[in-house]
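The next part holds the structures, each set out as structure tokens.
Both complexes below contain chain A, partnered by chain B and then by chain C.
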Partner chain A sequence: MKKVLAIAVLSCFVLLSLSTRTDADDMELLIGLIPEQNIFKQIERYKPLAAYLSERTGIRVRLTILSRYGDIIDRFVQRGLDGAFFGDLTGALAIEKLDIEPLVRPVNMNGSTYSYGYIIVRKDSGIRSVADMKGKVLAFVDRATVTGYLFPLSYFRSHGVANLEGYFSEYYFTGSHDSSVYAVLDGRADIGCIKNTIFNNLVSRDPTIKEEIRIIAKSPLMPESTLCLRRDLPEGIKKMIKEVLLTMDRDREGRRILAKLHAQRFIEASVEDFKPVYEMLKTLGEDIETYQYRVR
Partner chain B sequence: MVLLSLLAGTVHAATKDKIVAGVVFSGDLPFYREIHEELVRELLEKGYDKRVRFIIQRPNPDALAWSNAIRKMIAYDASLIIVYGSGAARAALYESSSVPIIYAAVYEPERSGITGKNIRGVGYKVPVSSIIRYLRKTGEIKRIGVLYSDSEPSTRTQYMDVKNVCKNLSIDVVKIPIKRPREIGQRLRLMSYDSLLLTSSALINKYFPDYILVFRKKPVPLATIIKGLEEYSVITLSTDPRKQGAVLARNLIKFINNGEIGSIENTALLKNSLTFNMRLAIDLGLDIPVELLTESDRVIK
Partner chain C sequence: MRKKITQYLLTIFLLFALSGGIAITALSQVTKDLNSLITLHKVEIIRQNLVINLQTVQTNLYTIGTSFGPDLDVIVDNVNSLDKAITSCTGCHHSAALTKKLTRLKKFTEKYKEALSAFITTTANPERVKRLQMATAEIGEMLLQSTREMAFITNQKLKEKSATALREVERIKWILLASLLGIMLTGCIIAVNLTSEILKPIRELSDAAREVASGNLGYTIDTSDTTEFGHLARVFNEMSLSLKESHERSMKYMMRLSGLYRLTLSFHMVTNEQDIIRELVFGVAEIIKAEKVLVFLYNKEKDRYFSAFPAYGFTDGDIENWSYEPSFINSIYLKSNKRSMIIHPEDRMAKQLLFRATGVRNLAVIWLKQKGVLTGFLLSINKEGEGFTEEDIRLLSIIANNFSVAMDNAQLYRDLHTQMQKLKDTQEQLVQAAKLAAIGELAANIAHEINNPLTSVLGYAELMREEEDIESIMRDLEIIESESLRARDIVQQLLEFSRKWPLKIGKVDVNRLLKDVMDLVSINIKNSGIDITTDFSDLPEINADANQLKQVFLNLINNAIQAMPEGGTLSLRTAKVDNSVIIEVSDTGTGIPDNVAQKIFEPFFTTKRDKGTGLGLPISYRIIKKHGGKIEVKSRVERGTTFRVILPVRMSSLQISP
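Presenting the complex of A and B:
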């Protein structure tokens, strides 16, 4: 009995020491990623950033990628995440549902700190308007994105399409923005809903893509992927991470890693950045508290 | 004789009684068989199976055999002729300008010249640019061979599409027209290419497996435009034959109900499915692009 008690006391001590540690050298941060692109590419893109942060802060930064957008909300606590790069809607949902605070967001190569959604079709599809889309196959990204779901939903409603089932022959969720682009290119879907930054990345690698795609509609500006951290993380740690990210464009290694992320630099992020997301939800009569973001 | 005339009269009326539909395949391919199976299934499901009698011809995939098959159908006084693929469709158009013709599985019918007042149907389009894009991700492509048949106009359209896509990509397109089956082996042996694309030609898709050993002497990737040769092809981007069959059934039902070929609208199915033969790609020592793994509807492991 004494032995059991001793183990229990020791365990409590160990747990307490782990939970109160503030020394960066002992610290490990687990950062979640959403599958903006296919998961292999997404990890490949962010891995150098994690290594850079680890080296500059002494905090071991690990990455984990969620298979679906909505999972980042559901599994943030379950997987013990310390932070995540959230998308437009997942960021707003996380601010509402998780105790997190926005830290930084990237400035894209074109100098913009926002992204927007596109509704795309193949140029040779003959589709030029919503009227031409009747009976066609539509590919969304995920219910937990503005650019890949809420914006097109709002666009179709404003063009008189309230019931997707009755208008399109089929609609489905591809899970990532690049998958939606490829689905349209291959003719596996007639219409795709995507984020401009991912489209631009694909075009920069293969310019022929741009020649085959017609952009039918463009959304209002939405916040770019934002790094948010748990509010209860030690202030010193949050400050250190933020400082490294905000200044990384000043050294060559940092700029190299930023280029992999298709970013010029990071800037400070705030809850205010997510205002356009709330406005989009409002136009659809949705409440962020009750919005069903899971793809069934 | 009187009986035959009566039969002919009732057949042409084609509104209430059983009609006779002549069916001509451009070749005996599983792809066309699947379309026909779906047609029959749909008619059964919608209660039209008793309203039509099929006479089916699966001639050798050559212009003379298609014409003979079509002539037989005309001699039999079929109410309409259903054709699968552009070879049989073109033969039907040549042989008759009055018998109604309904086609299925014709790539870009208008661009391929499959048009006329007595012909309607369901076509398809496969973006060859996607096939080239995926092929380039498996390794460096500098000379792509394209096998097509001049007797099947859609396959020439596909060749033109490949040429158009490749002109800005610094890829040479090696034109490989095929007239007879044995030419497949000869051309594969003699021509120089680092990747190969089979158009939807019935002749080529039927006989290509006979020359697979010749083809395999060069470790180059093969891509195909219609289902059926996934075993040999690293990339297959194909329209769904079942969906072709379903639209064909809808068109036929329309014809059964009003006897008017003009009431059928030409449609094109643009939805395709992607198959990646990863096992073959590994055997050939090709790069395995993530996109093919994540985007393919079917991965052969």
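Presenting the complex of A and C:
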């Protein structure tokens, strides 16, 4: 009897030790990225952060990038993602459709925790208003972005453009903000849409861009890329990751990595941050439940 | 030599250092060349990776979005690897032209990445998408082309560099080989030189040593060499000369010792005093190499020291009547502290001593003593060369001691000889007396034995005169006759002993002979309480005189019977051992005491005063001796006696001839 008891106790210990191992050491988090900008740049930009998180938490953090904004909603479960850096609309969609919770969001280099969208044209295109845009080629970013689609759409509507097909000779989705700028610069489109943070990055690297581009319109403030994690992840892990991210601006290595992300630090994020998105949807008469975010 | 060796070793060391330096330089050069080659090859590998990556991405371009297209993450990885490959290229040192090309390549890559990303993310009408794809593919192709061009250029360069490096390696190999050979050759020359320089004096030394070993003592070698070998040669010469000197000294010493030995031996070989003196003077003259040697001995009767004959270097006339007063000699003896000495010829003492000798150059006086008493002295005059030494005096003193002992011995020998002679004379007289006594006893015995029959004869002759009838006369006559015959037998027996017995040799069966004897005595031992046991072995017939042997055995058996008056056992035993026949006659009688046993074979010795003649055992002894045999006796008092006769089966011719 004693023997059996001893074996049972021993087995319990073994199992316990095994389970703790799987909890911390062997755990892997797969974080998704949307193609805000050139997918290669995007993944390179987030890689140091992933490495930093892995090192500090002991949890292996792996990144994966998706080719469409909408895919982050459609394929979150399918790809087995544990979390993602969501944009304005994708964040709101995720909160609605996926069981996730916002964790942190960055404070930009200019101190703002929000971004906004621009409608741009080449200066030499002669376009100064919506009226000049008739019959031109328009390059949106993606349906699942406020700054790259919903805002320009509402802007055009408020300027009397009810039907895009009739007004523009062609409109398409570049899939990323910088690609939209390059499409305008390279003449593949006459009108482009871009988030101010990305635009600023491009300009800081190539100041001539600012000379060539005219900003036609500016959107209201929208939430910046927010890291959201699966709600069903262990609380301890979520807490640990949040802790590391919120305090990383206090160490040198952390600051170096934040600079690569064009951020000063991370702050706590909440569902409330996405209120402007809902307002924009309301303006357009769209319901987030039924909003057609997929591009075809 | 040490300096020379050091110089040579230093030269060799320098040569090795030089060769080491050359080798290290050459090796480092080769290593550098090889390193640069390895680096070039590494670069080539990077370049190949670049091309492969590009090709992969280009392939991806056409498959993106299709079911068999790769995952976006894979494409991103591929592109990033491509980017890394280019970055690693630009990180190296290159010529300005190449750097420019690489910068261009980098720019193209950026563009390619942009185009590719745009193509991947854009959603538009198929035409636009197609255009984007074509544009991307075009950039990719250009990139590939440009990379290939560069690869070709660098490959050419790699080939050139490889060839140059290999040529350099080959050149260095030859330099190394040449320097190695040169150094080996120089080293060999130095070694040969050094060896011959070291070996030459060593060979000289070893030759000289062999000379010395072969007996050429005092052999010297050239010492003009200023090196350590010159010093060694000088030491060797000293050793050789000192060896020679010490050898000569030992030889001289040996000569003296052997002379002393010879002389001492001669002293003890002769017993005549004059001979001893002769040995002394001639021996001393020979050993010391003196011209004249003369001995003076003290004469007790005349109380004076007289010259002894012979002397060496003097004629008999020279030394005749040369004598000294004991007082004069004693004064010199005391003055010398009783020690032998060397005297200067001009010394007054010398002049007094040598008043009859002329031309004296040097002189030694050796005292002769017996048991501490001065008995004479020896004068040794004119030693060859530089005169006497203390060593000579020591040697002469030893000789003088030996001489005294020899003289003492000669005296003793002479005394012993005289004593022996006296003893012999006395012994002879004693034997003569004993013999006379024995003969007297024998004569008395004979007289007694003969007297009995004679008395009978006289009695019966007297009686016969009174007899009347012829019958009685005839009876008396018969008795007279038998008594007369008895007397004659006794005389016959006596004659038998006194006579010399020639042997009558024939074949004798010893066992048979013993049985005959036993038959003869058996009557005597009836009722005497004596048992007889016999143990006869098979014996060969021996060559012997049967009658004389019979007499011996009869004698031995009679002795045994007489030794057992109270009865006992008489044992007879025969055996053959080797070429001899053994006959033992044992009794269990009274035995013979040890002091008696020694004498039993002497003539006239008898323990049976009334019965024996003392001739039985001596006769037996003589007979057995004549047969070439032995007779032994073993006896224990009150236990019995065993006589053992050992006879050879065949006598030698010497014993057979009378």
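The working rule: the second predicted complex is superposed on the first by the 274 of 296 C-alpha atoms of A that agree within 3 Å, B and C clash if a C-alpha of one lies under 4 Å from a C-alpha of the other, contacts with A are read in each partner's own complex, and residues count from 1 in each chain.
Operating definition for what follows: contacts are C-beta pairs under 8 Å (C-beta built on N, C-alpha and C of every residue); 3 or more make two chains touch, one makes a residue touch a chain.
Just so it is clear, the structure is predicted and the values come from calculations on it, not from any experiment.
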item: Combined model on chain A: chain C and chain B, fit or clash; value: clash
item: Partner chain in contact with A:163 - chain B first, chain C second, else both or neither; value: neither
item: Touched partner set for A:212, first chain B, second chain C, both or neither; value: first
item: Which superposed partner A:129 touches (first chain B, second chain C, both, neither); value: neither
item: Partner chain in contact with A:173 - chain B first, chain C second, else both or neither; value: second
item: Chain B versus chain C as contact partner of A:40, first or second or both or neither; value: both
item: First, second, both or neither for A:182, with chain B first and chain C second; value: both
item: Touching partner for A:68 - first (chain B), second (chain C), both, neither; value: second
item: Chain B versus chain C as contact partner of A:290, first or second or both or neither; value: neither
item: Residues of chain A contacting chain B in one complex and chain C in the other; value: 38, 40-41, 178-179, 182-183, 188
item: Chain A to chain C touching residues, read off their complex; value: 35, 38-41, 43-44, 64-68, 142, 170, 172-176, 178-179, 182-183, 188, 295-296
item: Chain B to chain A touching residues, read off their complex; value: 125-127, 129-130, 133, 165, 168-169, 237, 270-274, 290-291, 294-295, 297
item: Sites on chain C touched by chain A in the complex; value: 72-73, 76, 79-80, 83, 113-114, 116-118, 120-125, 128, 131-132
item: In the complex, chain A residues that touch chain B; value: 38, 40-41, 122, 124-125, 137, 178-179, 182-183, 185-190, 206, 208-209, 212
